[in-house]
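Listed after this line are the structures, all set down as structure tokens.
One chain, chain A, appears in both complexes that follow, with chain B as partner in the first and chain C in the second.
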Partner chain A sequence: MSAILQRFISRSQLSLWHNTVQWMLPGAELRGLHTTAIANKAQAGRYRVTRDRSRPLTYEMANQPFKIAHRKSWNSWNTTSLLEGMREPETVVEDIFIRRFMTGTWHNLFLSEVIIKRQHNMVRIAGIVHQKINAQKMYFLTGYCEELLSYWLKCPVKLELQTVTDKQDVIYKYI
Partner chain B sequence: MSALWRPPLPFLRLIAAGISRASQHRGLGTPAGDTIVIPKRIQRSPTDILQALAGTVGQDTTGPHYKYSDDPFLSPYSNLTKRSYALSKESGRKAARWIREKYPRLFSHRPDDPLIESFQPKQQYQEGEQVGVDTLVGVVARGEVANAVTVYHLCKNQGVALPDELLQDLLELLCFYNEEEQVDVEWVEERWYRQASTTTRKTWKDNSLAEEVFASLTTREPAAYCALIRGMAQYLQVDRAWQLYQECREKGIPLDTGTHNALIRVASFLRDASDLRWQLVQELLCTMAERDVQPDLGTLNATLEALAQVSGWRQARDLSLKVLMEFHQLGIKPSLATYYYLLLIHCRDRGPRSDILVGILDQLEGQSFTLQDPKDTSFFVTAMEVARNHLKSLKVAERVDSLLHLGDNHLFIGDSYKESVYYRHYFALSCSSLPIDEFMQVYDKLVPHIYTPEPGIMQEVLEAVQTSGALHYLPQLWSDMVTFDHSSRDKLVGLMLAALTHHHPSPDNPQLTERLVTIAKDIWTRVQEQDPNRRNRVTWTGQMLGWVVEVVVRCGEYQTATEVLQEATTTPQAVLGVLPAPSLTALLSAALHRKDTDTAVAVVLYAQDAGHQETGQMAQQVHSSLPLSNQHLAKLASALGRDVYLPHDTPAPAT
Partner chain C sequence: MFLQKVYVLDMRAQQLLRPLACRSLATSHPRAEIKAAAEEEFRTLEIGRKKRERFTAKTFKPATMLPPRYKQQKTDQDWGSVWPAARTFHPATVPFPVRQGYPASGQPTPDKWANAELMKIPNFLHLTPPVIKRQCEALKKFCTPWPAGLETTAKQEKHFPVTVSKSSYLHSSPTIRDPKARIVTLKVHLRSLDLDYHGRDKLLRLVGERYDADTDCLTLVADRCPLSQQNYDYCQYLLTVLYNESMKTEPWEHEKELVDLEKYVWEGSPSQAAAQNVVTARGINDAEELLKEYGQVVTDLHNEGEDEATVLRYQESVMKLLGLTDPQDTATASEPKYIQGEVC
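== the complex of A and B ==
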């Protein structure tokens, strides 16, 4: 039935009809007629191709989420999702906080994602940084972030940064 | 096949033997009398496993220290960057600490259970805050000196009665630190890079809180006297410490070993002549014996320290050995500090040569140590200095070094200053005693991550390379000099150029020639491109430019030589002195060879300006080998005038 309908009626018309039926007959049975976006059209972690192919992508960006564990790796490493793993919600919120703190403190300097690795009682934060400020300032920021984050997270925090001279160095391709 | 088969590995053989034995015993049970002894449980501390793991990792000489980020951009090479990077990182940590102390409410989030004190903001005490005895107990127990002072005053103002035991603890805290807040244990780098203060003047605060607390004690226990005397002696308020000591003697108050040790240590401030000082030390030791106060390692070290302060005294050496012997009979084992004082007493700069270090090493070899005395950290640096300056023996130095790298002994290196002095001595001794190839192995091992040579040491290395003619090490040394910021030091650049002039190009070594001439050109461009506002700049001297010319001409980089000459001619004020005649001659012959008349004439003119005696000869050479244009002739004639006689039989210039 729905297949026949879909053949003759355009998507927008179907959606309109769906809404109308919902409004007139709340809870009406419409099984088989679903108008939500289909799964493989998900947009998270995907980038739109530009007309002149000028959008720079890092390796991380160039690989879609389903390629995690095949061609790229996770951005957060922890054991919360394993059997009997603990503190899952706390860890997620802390990771969001760490990412915001890092990108804000290292303003316009991070060229990669902020990778957060948790081992035992320790948090290790890795990433690629642009050599826009001198090494001394980088060391200052490193010490500052390690100390301040450890005061909040109540555990030792270590930064493991790599630097590149040019922003272009991390560009994998243009789309 | 089975007859040929043998278990390939020993453990397989053991298993095979075990199987056969098990099959013999099967059905018989355990033979009687074969009891299983379960070993007793060994108590381990929480960090024992970590320490065991750390014990398996040696020192990595191939990369920077682990406190630095492992990235080429962030790796320090020169002493300056090592220091500034480490301190910058700590400065960032201090900024974070400041934020935490300033805005403690931002850190009220508490995911830790149980509470971890050290992540919490430190409690600050203000005027008018309600405090009790417990507050003071807490701050004294944590050793927070400044807080203790504030809380004590608050308690006084609020009329809180303080028990004598607490006051005693407070007194001990104040006397030990002289009422000054210490650098936090967490600021590792600051403590590492801080210059250890070696003040020999009074720093004790007179009429301070410590004395007030002492006066406010209702019953003065001997411990209170001990604390005050120790504090005064440590911060060199020696006269009053001595007064108190006399008071105690009169009143018959027993003093403990540590107090006697503190007094022995400052004996040299109480008397002038060497023998009188020693007499005082003896008196104190005898008093200890009379009163049955047991001496300890501190007494031994204090006695030797007192002797080290009069090490110029003739009897000091004999006495030190006697003291050591006597304490040995008492069953007191010496620590590294003991040996440090022995070295100070026996190995003096102008004293006779003493082999005591060899004896000490015979005793210590193969041992690892625990820290027992603050001066324990001075042993290794002093031992290395003795090995270099007193014994001048690389063998001894290597023994000291292997002792340092045994187990955890490297922790006794002290601070950054001591470490750099230690390696400076070791490095300089290796440089002067080893053949150059073996020395360069030491160089590759230590430089740049363990030790960055100071300019003076670099100079010795360059001289050694030059003397031994191992010029193929120069490119490596030059690139190191550039990374260590030595490329703007006149003396080192001059030495490098002088070493380069020792190279004689031959068809066997075209690659070496190319690399060496690259250095010369690099020096030339580097110095030319210096920032004129820079403070430490290389100033060209005539000699240095002469070396540049000589090297580049000899190695076939004629173009650079002409640039140098042009520079020397156009801006003579930027060059100290003049290019020496041999360099000019070398350049002239190259110019003649290439029939480069302009340069040849310029050389002659420069030589005339410089006032070299060879100018006439040069002019004749130019004149006879090259056809000169009118202009050139006119230039030569006007510059040389009548000083130089040009032969008449040269063809007259066409007019």
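== the complex of A and C ==
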């Protein structure tokens, strides 16, 4: 009992009110105010700095989410977020599917994020791809993706990829 | 037979027990492999699993890197043929150098090669001025000149008084449907409609808020039907009905009372009676003009509201009616006649 009491009272997160309550109400030490360590830090899209500055970052990775519309642009372009723009949830889910499909089909080949632009009826997919496979394979993959995605999404799909020989070209800085 | 009976766990012992001729052909135990090393004195014993060779995919390296496409483009080429439609930025096709991005410390602004930011943003390389000109030229054959006789707004309003408007909507989605596209708006000026005083008054009562007094414009909005064609027909029907109904006079309209009057009418009002009383009390014989003027002023006060001009005119009229003079005007003022009476 005293051990539990000690444990509850010695924690620094407990407020003054809670400490007061301990001796006022019987059994208060058993009704714990469960608190955690500080968990309101933003950690989305942030990469840990290494000691020897060996982690390579692309421009996209180096700029954190709050830099969107400042130093970074969006990866998804469509009319759903405009006033009375329709079909927002379906578009979002389709975008998620397209991204997974592209990164999976072009296995280990995408060096940038998949950029999805929608214009009228068309879906235009862009990105930077590494030249690890030969051109014929790339053409096949392009045709395959366009064909299957157009059947799934019921829209014409166009792939507009840029290829890069060296991975170092996309690296912006090292941290 | 001898071998079958003896169960020897030790591998070495088992090897020894086998006849000599079989020893060389003995299959190796997966656990311990004895390698025959010609040069070494001792045979090496390798314990442990065989190292699996890791298969690394061969990276394809193009034998000769082709130069970027813009190096083979002439400076006076037709750019509209190179970039005919909206397309994501491609650095090898676009001939000019362009940089985009915030530079890292000690680095220049990132250039166009492998620049995802340049790919993300919309570009208008498909809409250069010569291309726009070409497209306009191509569209010109579908255009007709503006009709003669409709140059000014007045003429347009005279010949086409009714304006019907509807919108269509485009979204970046597989569907072309938008429920807002069914809304149809009909606008007409009341001066274009041939209405008398009663008709106009009745129409305004029927229509309510749809009439804008500042612009003298009646606006009818229809969105109750699913198709815009149906809503358009409904608008036409509404206008027809409104006009016809306002031209008719129903028998119950004669039951209109004082409170229903749309504006103040002086004839037959208590104000007229009171003014008449004043005039007869003062004994003025021909007070037609006075009364007329007074009536006009009171009507203005009620209909147009109270502002400085109307109140001033009312003051002057009342003073004339009562025969009062401004004390400042005449030094020797005649006796002001104060007449007890209601002046409303």
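In the analysis below, the second predicted complex is superposed on the first by the 136 of 175 C-alpha atoms of A that agree within 3 Å, B and C clash if a C-alpha of one lies under 4 Å from a C-alpha of the other, contacts with A are read in each partner's own complex, and residues count from 1 in each chain.
Basically, a residue touches a chain if its C-beta (ideal position, glycine included) is under 8 Å from a C-beta of that chain, and two chains touch if they have at least 3 such contacts.
Keep in mind it's a predicted model, so treat the numbers as computed, not measured.
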Contacts of A:Q136 with chain B and chain C, given as first, second, both or neither: first
Which superposed partner A:L148 touches (first chain B, second chain C, both, neither): first
First, second, both or neither for A:Q162, with chain B first and chain C second: both
Touch count on chain A, higher of chain B and chain C: C
Shared contact residues on chain A - chain B and chain C: 90, 131, 153-154, 160, 162, 165
Chain A-touching residues of chain B, taken from the complex the two chains share: 69-71, 73-74, 76, 81, 84-86, 88-97, 99-100, 107, 109-112, 116, 119
Residue ranges of chain C touching chain A (in the complex, touch as defined): 57, 59-62, 65, 86-88, 90-91, 101-102, 104-105, 107, 110, 113-117, 119-122, 170-175, 178, 180
Complex contacts: residues of chain A adjacent to chain C: 58-60, 62-63, 71-75, 77-80, 84-87, 90-91, 111-113, 115, 117-121, 124, 126-128, 131-134, 153-155, 160, 162, 164-165, 169-170, 172-173
List of chain A residues in touch with chain B within their complex: 90, 131, 135-148, 150-154, 159-163, 165
